[in-house]
Amino acid sequence: MNDGVIEDMGFATVDLDRERRTGFPEVVMGEGKTVEQIASIAKRIYDASGVVLVTRSVEKAADAVSELIPSAQYEPSCGAIWADDRGLDAQHRGLTLVCAGTADLPVADEAELTARLMLCEVTRVNDVGVAGIHRLLAHEDVLRTAKVVVVVAGMDGALPSVVGGLVAAPVIAVPTSNGFGTGLDGYAAMLTMLNSCAAGVSVVNIDGGFSAGYQAAMICRVGN
Amino acid sequence: MNDGVIEDMGFATVDLDRERRTGFPEVVMGEGKTVEQIASIAKRIYDASGVVLVTRSVEKAADAVSELIPSAQYEPSCGAIWADDRGLDAQHRGLTLVCAGTADLPVADEAELTARLMLCEVTRVNDVGVAGIHRLLAHEDVLRTAKVVVVVAGMDGALPSVVGGLVAAPVIAVPTSNGFGTGLDGYAAMLTMLNSCAAGVSVVNIDGGFSAGYQAAMICRVGN
Amino acid sequence: MNDGVIEDMGFATVDLDRERRTGFPEVVMGEGKTVEQIASIAKRIYDASGVVLVTRSVEKAADAVSELIPSAQYEPSCGAIWADDRGLDAQHRGLTLVCAGTADLPVADEAELTARLMLCEVTRVNDVGVAGIHRLLAHEDVLRTAKVVVVVAGMDGALPSVVGGLVAAPVIAVPTSNGFGTGLDGYAAMLTMLNSCAAGVSVVNIDGGFSAGYQAAMICRVGN
Amino acid sequence: MNDGVIEDMGFATVDLDRERRTGFPEVVMGEGKTVEQIASIAKRIYDASGVVLVTRSVEKAADAVSELIPSAQYEPSCGAIWADDRGLDAQHRGLTLVCAGTADLPVADEAELTARLMLCEVTRVNDVGVAGIHRLLAHEDVLRTAKVVVVVAGMDGALPSVVGGLVAAPVIAVPTSNGFGTGLDGYAAMLTMLNSCAAGVSVVNIDGGFSAGYQAAMICRVGN
Amino acid sequence: MNDGVIEDMGFATVDLDRERRTGFPEVVMGEGKTVEQIASIAKRIYDASGVVLVTRSVEKAADAVSELIPSAQYEPSCGAIWADDRGLDAQHRGLTLVCAGTADLPVADEAELTARLMLCEVTRVNDVGVAGIHRLLAHEDVLRTAKVVVVVAGMDGALPSVVGGLVAAPVIAVPTSNGFGTGLDGYAAMLTMLNSCAAGVSVVNIDGGFSAGYQAAMICRVGN
Amino acid sequence: MNDGVIEDMGFATVDLDRERRTGFPEVVMGEGKTVEQIASIAKRIYDASGVVLVTRSVEKAADAVSELIPSAQYEPSCGAIWADDRGLDAQHRGLTLVCAGTADLPVADEAELTARLMLCEVTRVNDVGVAGIHRLLAHEDVLRTAKVVVVVAGMDGALPSVVGGLVAAPVIAVPTSNGFGTGLDGYAAMLTMLNSCAAGVSVVNIDGGFSAGYQAAMICRVGN
Amino acid sequence: MNDGVIEDMGFATVDLDRERRTGFPEVVMGEGKTVEQIASIAKRIYDASGVVLVTRSVEKAADAVSELIPSAQYEPSCGAIWADDRGLDAQHRGLTLVCAGTADLPVADEAELTARLMLCEVTRVNDVGVAGIHRLLAHEDVLRTAKVVVVVAGMDGALPSVVGGLVAAPVIAVPTSNGFGTGLDGYAAMLTMLNSCAAGVSVVNIDGGFSAGYQAAMICRVGN
Amino acid sequence: MNDGVIEDMGFATVDLDRERRTGFPEVVMGEGKTVEQIASIAKRIYDASGVVLVTRSVEKAADAVSELIPSAQYEPSCGAIWADDRGLDAQHRGLTLVCAGTADLPVADEAELTARLMLCEVTRVNDVGVAGIHRLLAHEDVLRTAKVVVVVAGMDGALPSVVGGLVAAPVIAVPTSNGFGTGLDGYAAMLTMLNSCAAGVSVVNIDGGFSAGYQAAMICRVGN
């Protein structure tokens, strides 16, 4: 079957209509796919859209993609592969990305990359976990002018609640798997965020930098 | 201590500055508070802002609030008490609220009430669970024009993934505690939503109609 | 003890009567057995029945089986070893096998292989996850004529609910361990499926392609 | 909206097309709905189909339904309300329903009622838990001639594995919430069943008599 | 057996030596004991020590205790019964007790009562949850002079991490069961606290006001 | 069916052969059965054996049993109903039953009653939890002469490990649901016991006084 | 400290009195200890008792032990190291060891080795899982003459319930970590066993062959 | 930003004010950080304070730190890197550190190292688990004179309850991940400790030697 918008590649049915429906082409989840599958799906999307993003993949897959899409790049911290030949400037402003600890940076990087490919500018605030709350408060002005705030945190996952109480913008909280023992690979941080005592906080999957960046970019688009 | 923005009532420290910081006064969580505490906190907020919302409370608390705020109303399905004498019209448009089943209506009602108090118009689509997917698809046009979509669902919690694949707007998913057995009082639906295969979906607490309505209203404000 | 139907091999008591009781010889679970144990049990079953299936085993075991059963084959994606010298054609029709994502293919392959050895024809529909629901609806006709539908899905596990609402046939849902974080190695998808709001859906173990293929073949046999 | 197949009642969107698609009208889950909602939805389905089933409801709801549908009946053990004026005889044979303990009977009754409304004959085998295995083996002949077997069990949930090893038919296992402590309200039994060492066993939700009866009836239909 | 330090009452073996070993007589956990058991154990301890504390009991038990110990008092919020006729003044200073929300007050009250019976002065800071962080920072001076800080919080349980980053004193965190849904009756808050990114935080059982008050008093004693 | 050893009562299949196979007639689990079912099953067993035990039932069921078996008695703490007209003396010695706290007594009582009906003498040691270890050590001689020790404990469930290190006899550990918060209704105590650092400890279900008493009596029988 | 019964080796305090108290010297848990620690502790125990058992260790540790104790042997399947120069014959009879599947053999081997070192004869029944129940029933005579039965099973863990219903002897159930997905590394089997509908079943830790063998040997000793 | 107390290094915002606020400079959690990040953060802290501690890191990171801080040392058992050129003697006494088993030593070592860097003397009591309770009681005098006791235990985690009943000092319990199966990587031990029946016990994260040592040192400081 290939009716122009859905293309059946046998092992994959690429949803080429997705860009029309949702404003951005299908993003490929690399985990669980073979290198060959990743490369051929990425190529097909890239050919149709001029832009492609693969998340959570290994460097070997990036090499295979690069053979088909020479401009493809790889970010090893989060395993993202992407290519963008649309030549478009950022069109949306107001996304602030707050990261609790140094170990959470790869997840924040995935969020930033996603939002940038969706043509959002991203303002970063790094390593401002709640154990030294004055580090965060020093950024209060940047936070208050945001249209949407993504907050990435592992361990106790407490940062989104504090940020949520400071801002008038929606907060998207991203639990990370950083921590040990009762951190339960990010589950503890996720529960913290779902029970935030601050209103206006919603949550994505553990290590879900892509999901958060994607939704935040959607929200930025609302306001431009 | 009472410096004008934080008022210490002994059992409560009302954050009267919150409206300035976040655009809406503190909302009172009724659960766990005594009837007397609810009434006096509600009165204090109402006096400062002309509007107040108490969530998850019992009718007896509504009676106590009504004695202090005659215009207060009570919605028994979700236990909300509210009063609003600001005389303001809705200022934000584009919030669509999708509800999977009849049993999920109280949670959706809480979301709608919250958003309306934050001056958003709300378009409702009810009882369109995925077991009869054509019921949802019949509303595809309404969904596509939304700025933000709240999706309320219990049991399998599958609806946000389907909606997320249809729209360009951010989706806020609300798991409900409807279901039985392995539904785990909403936990199963929550996990479904956090693992949504559609991009652009974030999740709030189980039965978190208030949280979803609040964040959706924040997003609508971005775009107006 | 060896009374013709139960053979005690010391480390294993092969149930040679099983084929008479249930219509198919004992299937060997490879995981947890040594290469030597797998090979000798497989040989014993093959000698009695002319067909044997080993699931979830490593390639080294396949090599050992091949030494004893030259016609044995190995499917690396799901770790299945099998041999079939019965020379029988497919006798049962109506099994449709729906797979949500590319990463779920190995589990679907195990289901298909199992059903084929049980002499069922299998119709495949691949990569039709709910985030692009129109991909699934394009196959509505194939689904409606099925006698039984196996649906394989990871992440949110939402696909069986949608399929269950479209068909008059029983749906066997197979959660896969694809996903990350709150996917809990397939547990989230399993809970989704057990709470399906569509009637007529039952569930097998995570990554249980064999179980699903086996039961689906049993159901096909009912109708032929 | 009322296009003949989907009727929007405000609080419910009744899927009147479901009977055509799946062979049986929409079944109403009573839990979580108000008495008034149950009665009016049941009436609407009954008027279109001549048959209606409501599960997991209270007696008060049965009274309300009876006012609108005089022939409605109520089974207090499982909370089912139903009416059937189609005047149809059973058309499908071969469903055997095995119940582990006396306390599991209400769940088995729900399964039987569901299957009978779907025009299946049901053979019952009661109180044959594995702690007295000879009680089960005394029924081996009845089991071997079944087209499909539903097995209802709480506590250790071990019965489906034993039955699955005795029969050539598919087994649908229903965990019940009977038990205490580590029974985890049926969760332990459910896990047992999902890990059945017998092939051909699938599982429905805890206390899911309706789901099991529904799917078993679907399977019986395949063979008639 | 009654050797002066251990008294066997049949249903209870009162550890009268405990006061010598640990500095405070045995505290009676009321939950799970009958009214008669509570009263007679309390009387026995009171007679030996002049002070007694029963936690988590019902008012009826308080009545029974009062008949035997006329000076006994009851705090209904946390269910504590106590009597103290030692006529001793507070001897230890430096315990600050921080409470996140109004609903957490009963747990904080239990902690305060326990510490006071152990002759500690207690400074309270109420309703300073992290969603309005400036409410907490207004109390920074009080916090910095504490010898030990008890922090009581439900929902997201984020407050101890923030306090822990502000002070040089040990922080004992008490999760409360306030919240709903994914709050898991206090489990989410407990996990947050165990994963605190601030050093110097330890955690007691959910709603464990007594445990926290007891340990805090022990720490105050170290320093006096 | 009634072949003398298995009697089909419709709702129950009484296993009258059980006494011959296992040395004691079937014990009736009261929970989940109706009053009428309990009474008629108890009567049937009593008539065949002269002794009957029903566990976890309500007083109303005891009344119904008493109408059929006048000598029946009821123990409200654990909900046991029993009658014994065999006129037999205790035949087995060496069972010591250790109970950690006063709140655990009902579970210990169920164990003792079960063992006595199985003709074992029982030596009780009450309220010797590990927080006052000297209370336990005072009974070291009694413990060392036991053939089997049952240890009942809630909360931290630590007592079986200490006892296991003191004795040469097998220890059967019974977790109770006493405790709160992270006690998880006995789950925490159960995990403690399963991970006992003392060899020779095995565990039964939470609040499983019956199971422990039953197995302990079996062990005593071995040695007599 | 070295008072003859407790020897402080710095990193370990060997309990040389344990043999007198419990009838068997301290058994060394190899997991988590360094090779050097294992070897020196084993040597110390062996010198005092003439017998030593180390569980769950790696082959490298066995080599180190062999250098100090030349007669030491290693069983790679379960990682046991042991030496026994007491020259004693088996003194206790009646321990039957039933193993559900081939993959469970290593755990059963650990149980057998432990019991043999404690001077018990062990009768093995292998690969008789419930999916082919007639394999088990063929051994009914052996089971009925046992003094104690150890049952080792993974996956659904159903075998102990069936065995428990057949015998008058106590059953010690050992869940194994064999299985996948919802088997939860043995947790599902453990829950099954704790909820056994057969009386007289107790449970040890997952893969706890040592614990089961140890307790079974203790029970055998009672009867000899 | 670098205002003297907070230094923004891009990937990290070092909280140089922390030493003034809390009495010890920021401790670096090594896990999740790159070798380069660890080395440069450690250097920055060391330059400001003359002392630095990095926890849970790999040897390669220690090598990188040593290049920048030649006096740095590495403890492989717990992965700690530290340097201390302050030339200060221990100033606080009374910390007793009790370790249940040999396998728990690395966690205890992390606690001791932390406390020593905070200038506390540490008294160690090793390998005194509850299965040989007399080993612990032999140290009762040392325990009774402690100002604070840290108790490290895995498996059943029972030791803190016993210690808590012996001493008048606060007990900080550290669950370790030693054990297997239902030990759940330390979760079982943690639950035991949170449910301690001894008063005065608080708990830190699994394997949280650092947290326990840190808090214990804070408590010692209170008393000096």
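In order of appearance the chains are A, B, C, D, E, F, G and H, and numbering begins at 1 in each one.
Following the convention adopted for this analysis, a contact is a pair of C-beta atoms (placed from the backbone, for glycine too) under 8 Å apart; a residue touches a chain by one contact, two chains touch by 3 or more.
All values reported here derive from a predicted model rather than from experimental measurement.
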item	value
Selected from B-D, C-D or D-G, interface repeating G-H by over half of its contact pairs	B-D
Taking each chain's C-alpha mean as its centre, the one farthest from subunit H	D
Inter-centroid spacing, subunit E versus subunit B (mean Cα positions, whole Å)	35
Chain centre separation in whole Å, for subunit H relative to subunit B (CA means)	44
Distance from subunit B to subunit A - Cα centre to Cα centre, in angstrom	26
Rounded Å distance, subunit B centre to subunit G centre (Cα mean)	56
Set of subunit A residues in contact with two or more other chains	18, 101, 131-132, 165-166, 181-183, 187, 190, 194-195, 199, 205
Which pairs of chains touch, using the document's own definition	A-B, A-C, A-E, A-H, B-C, B-D, B-E, C-D, C-G, D-F, D-G, E-F, E-H, F-G, F-H, G-H
Sites on subunit B touched by subunit C in the complex	100-101, 129-133, 137, 155-158, 161-162, 164-166, 179, 181-184, 187-189, 191-199
Residues on subunit G engaged by subunit C in the complex (per definition of touch)	101-105, 126-128, 131-132, 134-135, 138, 154, 178, 180-183
Residue ranges of subunit B in contact with subunit E within the complex	1, 6, 8, 10-13, 15, 17-18, 26, 29, 31-33, 37, 41, 56, 175, 177, 185-187, 190, 205-208
Subunit G-facing residues of subunit F, complex	18, 21-24, 27, 94, 144, 147-148, 165-172, 190, 194-195, 199-205, 208, 210-212, 214-215, 218-223
